[in-house]
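Order as written gives the chain letters A, B, C, D and E; numbering starts at 1 within each chain.
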Amino acid sequence: GEGGTIRIGVAGAHSGDLASYGIPSIKAAELVVDMYNANGGVLGRQVELVIEDDVCKPEVATNTAAKLVGDEVVAVIGHICSGATKAALGIYKDENIITISPSATNPPLTKSGEYPNFLRTIAPDDAQADVEVSFAVDTLGLKKIAVLHDKGDYGKGFAEFCKAQIEAKSGVEVVLYEGIQVGAVDYSAIINKIGNSGADGVIYGGYHPEASKLVSQMKKKNMDIPFLSDDGVKDPTFIKVAGEYSEGVYATGPVDTSSNPMAIKAVEDHKAKYGEEPGAFFLNAYAATIAVLNAIEKAGSTDYEAVSAALRSEYVETPLGKISFDEKGDAIGVGFAVYQVQNGEYVELK
Amino acid sequence: MSDAPVLEVNDLSMVFGGLRAVDNVSLNIKKGEIVALIGPNGAGKTTFFNCITGVYIPTHGEVKINTSEGSAVLNGLKPNVINEKGLARTFQNIRLFSNMTVLENVMIGRHQSLKSGILSSVLRTKKNRIEEQKVIDDSYEILRKIGLEMYVNELACNLPYGAQRRLEIARAMATNPFLLLLDEPAAGMNPQETNDLVELIERLRKEEDITILLIEHDMSLVMTLSERIYVVDYGKMIATGTPEEIKNNKEVIKAYLGEDIDA
Amino acid sequence: MITIKDLKKAFLNALWFIFLTFPIMVMKVNTINDTLIWRWMNMLYIGVAAFVFTLLGKIYTVRKANRSEIVKPSLIQIVNSKMENKKVRYSSLAAVVAIVILYPFLMSMYQTSIMTTALMYVVLGLGLNIVVGFGGLLHLGYAAFYAVGAYTYGLLFYHFGLNFWLCLPIGAVFSALFGIILGFPILRLRGDYLAIVTLAFGEIVRLVLENWNEFSFGPSGIANIARPMIFGQKLKLAQVTNFTYFIAVGLTILTIIVIRRMESSKMGRAWEAMREDEIACQAMGIDITKAKLTAFSMGAVWAGIMGVLFAAKTTFINPASFTTWESIVILCVVVIGGMGSIPGVIAGALIFILTPEYLRAFSQYRMLIFGIALVVMMIFRPGGIIPKIRRSYQFAADKEETQEVEA
Amino acid sequence: MLKIKNISTYYGNIQALKDITIDVSEGEIITLIGANGAGKSTTLMSLCGIVPVKSGSIEFEGQEISKMNPDRIVSLGISQVPEGRRIFPQLSVRENLDMGAFLRNDKDEIKKDIEYVYDLFPRLAERRHQQGGTLSGGEQQMLAISRALMARPRLLLLDEPSLGLAPLIVQQIFDIIKKVNQENNTTVFLVEQNANMALKIAHRGYVLETGKISMTDDADKLLANEDVKKAYLGI
Amino acid sequence: MNLEYFFSLFLGGLTRGSIYALIALGYTMVYGIIKLINFAHGEIYMIGAFTSLIIGAALAMSGMNPILIFVLACLAAIVYSAAYGITIERLAYRPLRKAPRLSVLISAIGMSIFLQNYVLLAQTSDFLPFPLVLPNMKFLKPIEHMMTTTQFLILISTAVVMVLLTILIKFTRMGKAMRATSQDKDMAQLVGINVDRVISMTFLIGSATAALGGVLISSHIGQINFYIGFIAGIKAFVAAVLGGIGSIPGAVLGSFVLGLTESFGTGYISSDYEDAFAFIILILILIFKPAGLLGRKENEKV
């Protein structure tokens, strides 16, 4: 209520097999809120987090959203998966609740214009695909590309954009376009197929566990063609898991901000508080939380229209750099770059 | 017409792998008769029943029925169709619906006689309600006739063995057969209970106007009840005749009855 | 009550569990950072817990052995016998009706929303109960029918703008057809062979939805599906939540009535007989092909209807909602509630679906607790929460007799 | 040898045995007769520990067995031919016989015993490789008896061994029971519906009526008893 | 048609098949004895893998010889999985010996959920690189691009385990007791079999097999997390049923059929429907052989 605390919801997969993508955003929000509260809160009020699990399932996400609505949150950081986000947005939209996702990259979420209350601190899949394909074709000079994906909404969506963009270019063709089976014990069949297709490069849409299996099995079979992937793979865990096989792999990811002092501080704080390195989408969630709190402060109230306008007009300093949001809700200033694993580390290619 | 046998089996054979369990058996039964099928263990009696009732598809031969509705060949039909045609049976190894009540077991037997479909039972039309109540009452009546009314709401599996055997008969009777096939109905009964069973079968035949073919090892029952007896051994028919004839048939005595048979 | 021997046993159990859980509870390895942490306290906790639980278990068995001398009627029997009384029956019915009607107005939107979900599982459970509980056919692909319903509405709405009410019966019919399609190839299969084929069928349906983009939009699914409307009026969120709740209530009541009547009809008995003994069943003149196919299609109908409601409630569908896991959840509802028992399945769904929601407070531990709860529940109530009670019948003959006695 | 003292057994809430007391001495054949559902089979199952007894005691050769596990009880030398035969349906005839000798280790003797039962029931020898489950009813009964004999029991429990057997074989079975009793000094506890035959070969008999022992006497006296005649012999 | 391509798909299918087989063997054994679709079997496999990861990583810090570490970690996995197997049987299945079969199934599902979350909470939800890696064997050098050392070991272990289990079941006393127990528990007791012990032994052996699978397969894949058991369990279930559930050679044959179908399906059609091929072949086979490839038809005498 007025004068009381300001409530911010944090929603996403906090349990189950996708928890590792959701839990870092809780920690990010906690760190930011602690920081604000220590400095007297926002508009003189303390900020309180309401954390709700949606296990990344649309049907659970609607209940989660109803719970957050009932708890009178002003804004929600989340959800994590695009599917759950779409289901929950149906509810937030009717209740005028600002929703900022650190990780839902499905383009229609912003591009369709259906959800004016939705924003995100991550670039959409098509933007990423753009970067990926032009790198593959223009920089690496690939001519025959195999495009694979994990059949998930993120991976397949990304792969589709890649495919479309490759096909739009002349002199390049998609020689193989297929979904792989997540959790399969062995990928030799699909790898043989890549070999058989005569591809001179692979673009993979999906997350790092499958990617590392693919890469290592390819290398073991002495198949030495470039392997390019997405943000889901641009994760230090990938390098750890795939070990020497990860060497040379390309992945797109948000422009490197690790030298950003705020990012350095955020990671340090995380280590201090939780004793470990932060996980996936940590910085995006961190930025989202700062953006919301900053907008409330700038708007001078928790009123939806005011906060929404403030988010779009005010630039704010975040670990991702200085950002704001465009009309559709995509972050301005959050772009993609291509990285390559070199000597066991992702290095941004300029 | 009335002279034509109700059941006519011609040259029936059933082969399992290399074993001829039933070997060229022919048999016929006239309306209203009680006929027994006897023979040593493993002679093929139950297999013969299984072939007639559609549980097995006979390797060779023909099973035919003649009723007021004309004659029909049964081989190759499914068990439920054969049952519809008016043949009902009991099982040697009791096969009741063990977790259903005694009454429900009998009600299952009435399944064929019910006409209303799913829709009318969901809408619970008047016709449907009347029909349902009638099934219940009919089934109860059957149980009463067979002397099982004290068990109506018991689960079938909790009944003593002898009662289960009688419930098998009740359930078979509920399908309104013209021909009843009983596989060792007296097994597991003591002599007194067997006497009661004899009475029951006699009564069923008289009151319900049915024909009976039975398999039994209890000679006192076979000899008192049946009008004709068929004897099989190693799948082959070795003798047929009245009880007196069979009792004195050398081959039957040697293969099956043994020397001193009282009764 | 507790002897030295028991203490010794408890101690040995404690040692066993310390041994058993040692690598996983005490050591924590992270091969990403190459760290190894020792958590010796966990060893202590495990030991103490195993010790205490062994003793509690012992006390429980001793108590139970002493108690069962006089067998008390169970709570359910008491309730049932109370229900015999018309007055009690009608007044408790009235109370239930009142609670059901007032519920959304007294509770928050969230509570209403999860109650709607729970009611949907009641219907799903009751539908699956036809196949598993009545027919005895273990079905692990039920979610496929759920998906058929959901996609029926999702696609018809997307392409033709058909509304919820129109799609409800269409979804039901499509699902029933799928039930029959599934039924045919598996008529000859028994027991667990049936289970695996139904599982396979469910997965195939999901894989098709996942891969056939042109038809189903693949994993990104269909968003912005319309919520239920009254006379074409779009409702506000709170209103539509309540409205959806009442639709769920209505459908639940419809399901209960229809399934109860089916159960006590000719078909219902045929299903049961089929479950007990297929051969005897055929010998009694029942066509088991027909019985199986009707069981599958009548079971599928409810999944189809709930699928439509699901799409309308979440406004977004994608194949990830219809996994084998979903089928397993519905199966759990049926078995935990009490197979073949309608009140059981209702109780099962409410408990099974609401418990994890109320365990949200334990967020990380809730699935752990949930897993244990399943095991414990089955051990203490293997027949389910409210096991099936067989109905007994009224006979005309009975009535005559009592009249005779009176006369 | 066997002392059953005041045992009561329940199925859920239903009491199937009420205070049964039975004594069997070494080398005897005793028979238990009674109507359907009297509790005869339950008595045997309680004895073997398959159905737990609620109260009372069972002593076998001085050892209390009422709380023992069935496999321990069997290892003391008790074996049973259960009602309904209970053949292992997917084992062959030969394997079923081997199972009977499960607790024995004397290979050569086992071989001899197998030959012995094949001698008793040539039909089984013919069918030795057939799956137990596909045998005819009577063949299964022969197999069940043979399987029990394979254990070389000191106390043999027979639950309606003549059920479903051809008259010739019934006669033979009773002869075999007698023979086993006389030659091997095996004590026999016989439950039979065919009371006539049973009482003829038994030394003593018990009559069980709805879970209670209602009468016990020497077999020939029971055979002559009017009540028994009327109720169980059908005369 | 490209012969080398065909051949490499074939080898890939075999590899996959032997991986499934290693899990399916234990599965089918447990099923054989108590007719339980043991949903927790996949979790036993996962626990085996995790135990070896933990022990292996801990030992690696001491700088021991990698082969020795592999052997020790493998042993630890086997011991622990077996211990988990019998404990689960004791706690979650034995009290339900007389309960309806579906209740036991639900109990197994509960156990599976519990074990997943137990490992998730006590360890981590992340994928961890699997530290146990076997050095390449020299004689495999020429076909290395088609078959690695681990694949080779998996194939060999499958064959060895299958032979051992077949011998165990067909010819030993324990095997006989297992078969009798699976057909009629009361009667098994009446011939003097300690049914509880036999069932425990079955779980012990089945779980140990799963652990061996856990170590070898994880070493092949190179990473594990708490969730790997679920899919493995389902696939093993499919394989076991395909071959005729309860039959040891059946489980292996079923696994190979499954592996080859998936491999050729992916290679010649599309990996989009990889799992679908597996399920379609399952349905087709069961339509024509309702008891699986090597399953004995339940010969029901009426």
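By definition in this document, a residue touches a chain if its C-beta (ideal position, glycine included) is under 8 Å from a C-beta of that chain, and two chains touch if they have at least 3 such contacts.
In this text, all values refer to a predicted model and were calculated from it rather than measured experimentally.
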Farthest-lying chain, centroid of Cα atoms versus that of chain E: B
Chain closest to the assembly centre - both centres taken as Cα means: C
Of all other chains, the one whose Cα centre sits farthest from chain C: D
Interchain centroid distance [CA atoms averaged], chain C/chain D, Å: 46
CA centroid of chain A to CA centroid of chain D, Å: 74
Centre distance in Å when chain C and chain E are each reduced to the mean of their C-alpha atoms: 29
Chain E: positions in contact with at least two other chains: 117, 124, 126, 128-129, 272, 275, 300-302
Residues of chain D whose C-beta touches two or more other chains: 134-135
Two or more partner chains touched - positions in chain B: 46, 55, 91, 93, 95
Interface residues, chain C side, partner chain A - complex: 31-33, 108-114, 117, 210-211, 213, 218-221, 223-224, 227, 236-237, 241, 310, 313-318, 320-321, 357, 360, 363-364, 366-367
Interface residues, chain D side, partner chain B - complex: 11, 14, 33, 35-38, 83-84, 123, 127, 134-139, 141-142, 160, 163-171, 193-196, 230-235
Chain D-facing residues of chain B, complex: 16, 39-44, 46, 92-93, 158-163, 184, 187-195, 217, 219, 255-258, 260-261
For the chain E and chain A complex, residues of the former touching the latter: 2, 5, 8-9, 11-13, 15-16, 19-20, 117, 120, 124-129, 144-146, 148, 217, 220-223, 225-228, 230-232, 235, 262-264, 266-267, 270-272, 274-275
Residue ranges of chain E in contact with chain D within the complex: 173, 176-177, 179-180, 183-184, 186-195, 296, 299-301
